[in-house]
Amino acid sequence: MSALFILLERKGMILMSSGLHEECGVFGIYTGSTSDVAAQTYFALYALQHRGQESCGIVVNDKGLFSYHKDTGLVPEVFTESNLKKLGQGNIAVGHVRYSTTGNNNRSNAQPLVVRHIKGPMAIAHNGNLVNARELREKYELKGAIFHNTNDTEVISYAITEQRLAHPSIEEAVEQAMYKLKGAYSLVIMSPKKLIAARDPNGFRPLCMGKTESGAIVFASETCALDSIGANFIRDILPGELIVVDNNGIRSIKTHCNKAPFSMCVFEYVYFARPDSVIEGASVHKARLNAGRILWEEHPVEADVVVGVPDSGLDAALGFSRASGIPYGVGFIKNRYVGRTFIQPTQSQRSNSVRIKLNVINEVVKGKRVVLIDDSIVRGTTCARIVSLIREAGAKEVHMRISSPPFTNPCYFGTDIDSKENLIACQMNISEICKHIGADSLGYLSIEGVKAIASDAKCKFCTGCFDGKYPIDVPKEMPKDKFESKINE
Amino acid sequence: MSALFILLERKGMILMSSGLHEECGVFGIYTGSTSDVAAQTYFALYALQHRGQESCGIVVNDKGLFSYHKDTGLVPEVFTESNLKKLGQGNIAVGHVRYSTTGNNNRSNAQPLVVRHIKGPMAIAHNGNLVNARELREKYELKGAIFHNTNDTEVISYAITEQRLAHPSIEEAVEQAMYKLKGAYSLVIMSPKKLIAARDPNGFRPLCMGKTESGAIVFASETCALDSIGANFIRDILPGELIVVDNNGIRSIKTHCNKAPFSMCVFEYVYFARPDSVIEGASVHKARLNAGRILWEEHPVEADVVVGVPDSGLDAALGFSRASGIPYGVGFIKNRYVGRTFIQPTQSQRSNSVRIKLNVINEVVKGKRVVLIDDSIVRGTTCARIVSLIREAGAKEVHMRISSPPFTNPCYFGTDIDSKENLIACQMNISEICKHIGADSLGYLSIEGVKAIASDAKCKFCTGCFDGKYPIDVPKEMPKDKFESKINE
Amino acid sequence: MSALFILLERKGMILMSSGLHEECGVFGIYTGSTSDVAAQTYFALYALQHRGQESCGIVVNDKGLFSYHKDTGLVPEVFTESNLKKLGQGNIAVGHVRYSTTGNNNRSNAQPLVVRHIKGPMAIAHNGNLVNARELREKYELKGAIFHNTNDTEVISYAITEQRLAHPSIEEAVEQAMYKLKGAYSLVIMSPKKLIAARDPNGFRPLCMGKTESGAIVFASETCALDSIGANFIRDILPGELIVVDNNGIRSIKTHCNKAPFSMCVFEYVYFARPDSVIEGASVHKARLNAGRILWEEHPVEADVVVGVPDSGLDAALGFSRASGIPYGVGFIKNRYVGRTFIQPTQSQRSNSVRIKLNVINEVVKGKRVVLIDDSIVRGTTCARIVSLIREAGAKEVHMRISSPPFTNPCYFGTDIDSKENLIACQMNISEICKHIGADSLGYLSIEGVKAIASDAKCKFCTGCFDGKYPIDVPKEMPKDKFESKINE
Amino acid sequence: MSALFILLERKGMILMSSGLHEECGVFGIYTGSTSDVAAQTYFALYALQHRGQESCGIVVNDKGLFSYHKDTGLVPEVFTESNLKKLGQGNIAVGHVRYSTTGNNNRSNAQPLVVRHIKGPMAIAHNGNLVNARELREKYELKGAIFHNTNDTEVISYAITEQRLAHPSIEEAVEQAMYKLKGAYSLVIMSPKKLIAARDPNGFRPLCMGKTESGAIVFASETCALDSIGANFIRDILPGELIVVDNNGIRSIKTHCNKAPFSMCVFEYVYFARPDSVIEGASVHKARLNAGRILWEEHPVEADVVVGVPDSGLDAALGFSRASGIPYGVGFIKNRYVGRTFIQPTQSQRSNSVRIKLNVINEVVKGKRVVLIDDSIVRGTTCARIVSLIREAGAKEVHMRISSPPFTNPCYFGTDIDSKENLIACQMNISEICKHIGADSLGYLSIEGVKAIASDAKCKFCTGCFDGKYPIDVPKEMPKDKFESKINE
């Protein structure tokens, strides 16, 4: 008399994408007086687009009046001059970009989430992943809550709302709610009169604060968003910190600080963040150069040229080249027009599918011993194709070097790392992987190595996906859709 | 330390529309086995399109898996072959059309509302208006509920969810929730295994049941939706009745029946419903012919031709003509291509704006004494323009006859009748209105008259908008956005 | 060494449409000074939309600078506030609507056609069909001309251009070109400084002139377009006449007048034109009432109600009712939201396909002897379905009356009347057709009758499609795509 | 009595683009039997997208039946699975991408041009620019030709058509037409049974031939298009050569070969072509490395890092670094999501407009002497902004190096190089330019240097834009729209 089922919002076209996905980028701006906060947010989201290509949204607050526009698509697809103008002027705004795996119908999952409530509306933009979302959701549902979406953000909004009923101010509500929320969250929250930034006590995901030339305070997932609107970096939000901006100025609430080990996701440096961003004081670009250098130190090889897989392998390849003295070569051209709506080659055209995105410059690799650098191997399929491309172009040897350790464990903190059965490093040892991808040698960065790439950063790292050592308790099982549930009919 | 504000989703273009708006049409289908329930729902919503042009949606249930597509726009705009195919096959579906006044951003108000909950998901399609929605909403919010939208449907879903926690089956939950809901509601609700129809104890809005040739059970706001998919009419849902369809068959729950006076909205016959529908046993077309006949009996006049204002005045004009013996004439041509996206004439072109939609056939009215029939006068502006068009075309006299009584009170049960200050009949007496619109005489149908137009119907009528006699208690004040509220910041 | 082939622009979805298609509506406006001619043309095209739903276009002339926008779709689909604004202000404009049968790719056939040439550009909007287009085209091709499209308008533009090389002014070029053009053409032509209207010597298609309140001169296919922009009717263009408007005023060139019998297409009155238009002094609505009256005189019958098939049968039904004394009834409701993009029911849903567009009001026909009036029968399929609908609704008898004579011959002058093998009246006699459509009796208007419906018009009629008597020589064969041709490879 | 005017198709939004534009990329495919030529063309156009972003089109030939789809937009925007499927299967196809400067209304300029003619239809795709297009056009117009567009391709189609009337086969017609056409043209032409490639006698623009694994013959502007569909490179088309493919095989016509000096545009190597392409035997990537090396030899400088401006300056920077021993650095991150529809910052946000596209990695340049490498300087504005970005990021010195000589003359052969008044090198000497852009030193590649970058190529180069030495006579004046003309009204 009961049934298991899934709310199907996963239909729609499968996009041509492989590898890992970061779950989201957030942004918020607070200006003293009414101005074009929608346009500022638009440009900032543009700079954060690499953190999420599925959907995006902006909520503008004009003296308490909330307007928003959200949809699936890239920032320049979703926002037009006309709908940005309709959003209008305001004194506070929040924005969000969301990562891309699914299709048509999940417009309702687009953020920021706008919540109406007797204590006042709020808009929430969230980057991260809760480990106790399912428990919380069940608890709220058993108290009568209903859910519209399948994302954590709605759970967070319930947690905050629960506290608002007992506490006079929204910042106290957020502060109290943080006792309930377990996991990774970098939040930007807007109430009618306030802009609030909050980061989980482990600081899993980055979040920084800046100031524009005209004095507006902004929060963003990465500093590249600050640069894009000409804002100066002030500082990173501390793990567990909550910052409130209103017409009384800026106020920091540190109740949850220093309660947990600082555990920034090291993969932000390896892959997610833009190389021009600076996180916790460390340049992402420089961290990747370092990764290349350490790779050379850990896995030296005699070769004629070092080639990076665009875009994320390029910096590490340069670092490897500098350290080794082996010349750096541009071995691939990536088609910069391949976008969301790209049509898939049919089965019979499949052999060329990688070539449409990535073409080898034969000149660079022909007759050479090539060191090929990429940031990671997930399933191994794409990697094998790329090695094969290089060989077809005449490379004599292909030495694969990976600028991170093997993935052997799922991520519970906001990264779309597959279940164990799909991770090649859970199925094979290094030499088997090397054979599988068709390389002459294969070297991964060690766990010690990856911890050292951003040694100048003011943080420690979470390396759970590499070694299974998670800084906080994680669920025993991690279902694909964590909000599946048994139900009475 | 508190502030009043409004969640602004009312931005966007104002469409070219006047008169009254029905709030929604609902549809549901239950088939024994998997079939093209999405397509059936599509055709049914097409037939119900006149009940709501703002947005529409379909939710398909394939053995517990819910898929949906909802958006702003007309049914043929929102649904394409491709997205109907994506919705796929299923054994239950619900659909909804919503009325049209606002613009871009309120996609989130589109129905059916899909709700996720530990007790199982449900989809709700609602036509009507609660009089205690604000109280209920406040109550739920104080218990921690959050709201995404500004419509009653979300309130109803909370009321049902509250009961689900205490009662094993969804039909019991609905049955219990009906004790809390005050006002007008015709509901179609889908759970993973059941399709449920429910009508408020006063039966304000219509709701009927039919059966397709292949044996599927369907519920619809009007019989014209049944006709469009070749379904046979079974019967109207009783006021207060709840019907459950599942694989055990059809079951009626009458707990709330006969607890309140039957109070169908008489305006369904006058204006809202399609003339080819039959409601509570009475033909809508025939009711309008009757309205014309009674108009003649109450306000006879010597004239040469009777002309109806398209589309809703045509039937009454024919009834008036038959009763009076004055020839029926086709006085207007309505441009059948004027749609949602029509561009408004600028101020300088304004004088012709009615002519773009409606042109007079001079031949028919030139030199004649014309009886002009329309269904209602709201503000008087459109009516004055139409009288003026007829005069410009050479009519000698224009005798206006209205097939309903003057609006003097707001509607609390799902009709968009304006506040008193905008109702011309609250500001002027009949002879002032007559002068205002430029007619030679003016006659409204009496309240007794309007009650008699569907005398063969199995129901009594609500005539609250004409006489202020509401069948149930109504709120003292009726704010435009009933979910505005004082908030703490 | 040669091959027959067709340029395939006929792909794409087949729209749900039956019956006949007029090929196009034209409009032009000349203002003394710069003004919003694009908007005026937009509203005029709206009023002419019934003459063509496939594509439309507007060309604006701002002191010699031509801007245009053309596309497939209805006027309100193709033109937005934004692209109308981009067209900008100007002092002359021409517009065009084109009829609808095909799909996606024929944007290139959209009119007005804009032609660049050393003697100056011109824009041409054309309604009609040449009988010697193929000969002319071949002649121009053999002189080196190339063609982009498959329509007559490009042929006409070559004919005019040929003359421009020899004659100083564009009006002389048009005047001379008219010696070459055989067939039906109502043209509106714009040069950098002039607006020109021209009508073929037989006057097959209507074309009239009006003046706006601000003094602009306008030309339009029908007077309803004049009404829509508040212009006053001046007069119809004479058959063979050419009118030039420039800053010297209005000039008529009558070289080609009175050279051929006036042969207006009588089907303009029966079906094509809007009832509120007045053509050659005769009201279209009144002509249809007359058609109904004459039908009664020619084919009387005892019955209880007269019902017209919407929209074009309604006026004739009213005329029949008035003449016969049999009550006029509203037997059908047409879904006014069925548009271009309507999704077709699948084979299994086919039986209901008519019902989606047209539903019977049972009340009106149940148990009655019904006279059913439509404007024509082409293949008989739709007619048979409609008769069947009426019978299912309980009609005791169905007497079909058609307000035009049987189609027995193709039209060469701009109407999409099918080849003989698809015309039911070429395959069956009247009693066979009656049986085929399932009626109890069937009566067509006689040829004498149809000639009499607009007896007050200042024209004679072409009745070629009824009696094969064409006013000018027609080609022996009329291929579907007249520009198919043998080619060398 | 005459007037000068311009056919306005230049309206519409100005896109965010700077630098030079290549006018087009072409592609053609001939298969023995019916197959998915549309999809193959789609993938090839994707690879050629960098040669033109304004519009694109594909024409498919299915046994003589031509179908096409063309529109403004990028390849993945214009083509969807659905419209590619509509184009259907065929045995020949041609495709085209066109460069991007203008907006909305020039859909009619999209190629391939499809021409209908009594001798058979043809489709033409063209890359290049005629120097006698205006004369030819005037000549054809005086013979009665009309023009729909403002591009050279229509002129070429007239030239071919003129010859077709006198010659039995299309290849003879093209061969003869080549006597009339002066300037740059790489053509792919399709008739019902043949695919033809032709290149002007100077070989200004590249054009190559390849063969797919299944044996289809393809022509493409660049080899990267061959790679993308897995075709093997056969050879480059010779200057003046004409290649015909039909069911008799491949035939070369060399009538026009060796009649003029080989004069490939050297800018194809510097900027236009994709680095992974090989033109006339020389790798584009290697040519750019060479350019960097020669730059170092010609303009050495002491510095700490070499940084290229993405994307086209990167390869030359690497070459410079290798030659000089100065470390190569990744100084900029280019936002890879900035596309066509990007919204422009307003005046007040202008100072950051470059940063939205391009952000500096401070780490790389801070406190350093930077060699900055770009491919060219046109107006100097963008260059100045980039130098300023580097300085703001803390560079101690900025030494600008340009991998081509200064532009001092217009291009007449298909490149959008501005008129002299907009070329900074026509207004200032090197030291003035250096000061203007804010650099510490500035060095351009010499003319001798640029000629040496692809010294292994089988061609000589046109360097007209650098030294005014054009390989053929050029017009005295080069008006912006060469088809403006005096006209009689």
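The chains carry the letters A, B, C and D, assigned in the order they are written, with residues numbered from 1 in each.
Note that a residue touches a chain if its C-beta (ideal position, glycine included) is under 8 Å from a C-beta of that chain, and two chains touch if they have at least 3 such contacts.
What you see is a predicted model; the values in this text were computed from it and never measured.
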| item | value |
| --- | --- |
| Mean-CA-position distance for chain C and chain A (Å) | 59 |
| Chain C and chain D, separation of their C-alpha mean positions in angstrom | 46 |
| Chain centre separation in whole Å, for chain C relative to chain B (CA means) | 37 |
| Chain C: positions in contact with at least two other chains | none |
| Arrangement of touching chains [line / ring / star / complete / other] | ring |
| Touching pairs - complete list by chain label | A-B, A-D, B-C, C-D |
| Chain D - residues contacting chain A, complex | 36, 39-40, 42-43, 46-47, 49-50, 53, 74-77, 79-81, 84, 224, 227-230, 274-276, 278, 283, 285-286, 311, 314-315, 318, 322, 327-328, 330, 332-333, 335-339, 341-343, 345-346, 349, 351-352, 355-356, 359-364 |
| Residue ranges of chain B touching chain A (in the complex, touch as defined) | 3, 5-9, 11-12, 62-69, 83, 86, 88, 104-105, 107-108, 114-121, 137-138, 140-150, 154, 157-158, 161-162, 164-165, 168-170, 191-194, 483, 485, 487-489 |
